[in-house]
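Have a look at these structures, which come just after this line.
One chain, subunit A, appears in both complexes that follow, with subunit B as partner in the first and subunit C in the second.
And now, the complex of A and B:
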C-alpha cells in the first residue's frame, strides 16, 4: 500500500504517465468542445423565452462548472499537501490555480454579457454573482501567496490553508440560487432530475462541459510537467531529459 | 441549422453581438492560456539547460582556488 502511494506521488512516474495521456486528452477534449459549441451555436433550437442570447449557456455553464470543480480538486490536493506532504499535490495546486482563475473570469464575463439582454443589466450584487466574484479573489489569493513565499514547503502549506478556508464558498455558490431570491436562474443540470431542456439543447451542453474538462486535464498535465522540470532540477532523470531536449 | 441565412446566423435577431463576443473571448483566453503555458515550458527548459551547461563547464575546468589568507601586521 505504501509503495503504491509513493509511486503515485513520484514526480518521475507522473511525468511519464502524463506524457502518455496528454495527446488523448487534447484530441478528445478539443473534439468534444468544438462539436458541442458548433452544435449549440448553429444547430440547437432557439429558446422561446430568451431568444438566441441563451446560446451563451454553451460556454457559460462549462466555464462556471470547471471553475468550481477545479477549486474542489485544489482543496483535495491541499488536504493531501497538509497531511501527507506529497510533492505532486502542491505541484497540482500551483499549476492549475491560474487556469481556475481564467475559468472563473470567463464565467463572470459571459454571465455579464448574457445578463445585459436577459436581465437588462451587466451586473448586480446578487448572491450567485457575488460568491463567484469571491471565488475569483480566492484564486488570486492562492496565486499571489504561492509566489510571495520563496520557501517551497512553507508556501505549499500557506496556500493549502488558504484554499481550505475558502472552500466554504463552494456550497454557497451552489445553493445561492436556492437559498436567496436571485436573478440568476436555477441549475440547468441536476443529478437527481431529468434536465428541463429538450435533448437538442442539453446534449451539446453536456458535450462542451465534457470537452472543457478533458482540455483542462491536458493543460493541467502539461503545466504540472513544466513545474516538475523546474523543481526537480537536481535529479538525474530531469538532467538527462533536459540534455536530450537540447539536441 | 437553426438559422435561414448567414446574416441571420451572424445577427441572431439582435443578440448576435452578445453571443459572438462571448465565444470570441472564450476561444481567445483558452488559446492564450495554452500559449502562455508553452512559453513557460520553453523558458524553464532554457534555464535548466543553461544551469546544466554552467555546472558541467565548472566541473571540467579546474575549480577556482579557495580563498587565501594572508597575515597582516598591524603596526
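And now, the complex of A and C:
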C-alpha cells in the first residue's frame, strides 16, 4: 500500500501517466466541447421567451460549473497536501488555481453579457453573482499568497490552509448572499430532478459541460507536467528526457 | 510584577493551560498599553473613515440614517483589518512567537488567547465608540443599541478569522495588503448579517433570529479558526 502511495506521489511517475492520458483527454474533451457548442449555438431550438440570447448558456453554465468544482478539487488537494504532504497535490493546486480564476471570470463575464438582454443590466448585486465574485476573490487570494511565499513547501502548505478556510466559508457566503438578495434562476441541473428544459437544449449543454471537464483535465495535466519539469530540472530523468527529445 | 513574569509563566512546564492563556492575554494587553499609539490608531482610523462619508457622499439626514449602519460596519471591518498586522508582528520580530510555539500547551489555545487580546484591544473599543458615531450619523436610539450588539458579537469573529490571515502573511513583504486581500472575502458574511440585523431592527422586525445566526458565526469561528490559525502559524514560522 505504501509503495503504491509513494508511486502515486512521485512526480516522475505522474509525468509518464499524464503523458499517456493527455491525448485522450484532449481529443475527447475538445470533441465533446465542439459538438456541444456547435449543436447548442447553431442547431438547438430558440427559447420562446429569450430568443437566441439564451444560447450563451452553453458557455456560461459549463464554466460556472467547473469554476466551483475546481475550488472543491483544490480543497481536496489541500487536505492531501497538509496531511500526507504529497508533492502532486501541491502541484495540482498551483497548476489549476489560475485556471479556476479564469473560469470564474468567464462565468461572470458571460453572465453579464447574458444579463444585459434578459435583465436589462450588466450587473446586479444578486446572490449568485456576488458569491461567484467572492469565489473569484478567493482564487485571487490563493494565487497571490502562493506567489508571495518563495519557499515551495511553505507556500504549498500556507495556500492549503487558506483554501480550506475558504471552503468552510463558501457555503456560509453562498447562503448569506442568497438570503441577502436574489434574482438569479435556480440551478440548471439537479441530480434529483429531471431538467426543466427540453432534451434538444439540455443534451448539448451536458455535452459541453462534460467536454469542458475533460478539457480541464488535459489542461491540468499539461500545466502540472510543465511545473514538474521546472521543479525537477536538475534531476537525471528530466535531463535524459530533454536529451531524448533531441533539442 | 514585571512584564517578564507572564513570559516566565509560559516557559514553566508545570503551568496549567488556563494560566498560560491568561498570561498571553495579560502580556498582550500590557505591552499594548505601553505603546498607546498602536491602541489608538485603529480607533482614529475608524473615526476618520466614518467622517469621510458625510463629507464625500451626502450630509443629508435621510441618507445617513439609511447608510449609517453600513458605514459604521465597513469602517469597523477596515480598522480591524488595519490592526491585524500588529497581532503577531512584534512577537515575530523579537522571537517571542517562536518561544510560544515551543511551549508545551496546545498552540491553538494560545492563538485563541492572542485573538481574545486583539479583540479586547481593538474590537471592544470600536463597540464602545460606535454609539457616539451613530449619533453623529443620526441613527435612532434603537438602531444604535442593536448596532452595538451586532458589533459586540461580530467583531470577535473578525479578530478570530483575521488571526488566520495574520499568521499566513507573517514575515512576508507587503504582508499588510496581502492580508486584506485574503481576509476581506471571508468577512463578507459577518458584514451582511451585521448590517442586516440593524436593518431589520430599524424596520421593526424581530432580530432574535439574526442575532442567533451571528452568534452561530461566533461559535463556529471560536471552534475552528484557532486551529487554522495555529496551523498557519507553524507554517510561517518553519518558513522564516
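The rule we apply is simple: the second predicted complex is superposed on the first by the 232 of 247 C-alpha atoms of A that agree within 3 Å, B and C clash if a C-alpha of one lies under 4 Å from a C-alpha of the other, contacts with A are read in each partner's own complex, and residues count from 1 in each chain.
In this text, a contact is a pair of C-beta atoms (placed from the backbone, for glycine too) under 8 Å apart; a residue touches a chain by one contact, two chains touch by 3 or more.
Computed from a predicted structure; not experimentally measured.
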First (subunit B), second (subunit C), both or neither touched by A:154: second
Subunit B versus subunit C as contact partner of A:237, first or second or both or neither: neither
First (subunit B), second (subunit C), both or neither touched by A:42: first
Partner chain(s) touched by A:113 [first = subunit B, second = subunit C, both, neither]: first
Intersection of subunit A interface sets (partners subunit B, subunit C): none
Footprint of subunit C on subunit A - complex, ascending: 82, 134, 137-138, 140-141, 144-145, 148-149, 151, 154, 157-158, 161-162, 164-166, 168-169, 172-173, 176-177, 179-180
Residue ranges of subunit A touching subunit B (in the complex, touch as defined): 37, 41-46, 51-53, 55-56, 59-60, 63, 98-99, 102, 105-106, 109-110, 113-114, 116-117, 215, 219, 222-223, 225-226, 229-230, 233, 238-239, 242-243, 245-246
Complex contacts: residues of subunit C adjacent to subunit A: 161, 164, 168-169, 172-174, 178, 181-182, 184-186, 188-189, 192-193, 196, 217, 224, 228, 231-232, 235-236, 238-239
In the complex, subunit B residues that touch subunit A: 1-3, 9, 12-16, 18-19, 21-23, 25-26, 29-30, 33-34, 37, 40-41, 44-45, 47-49, 51-52
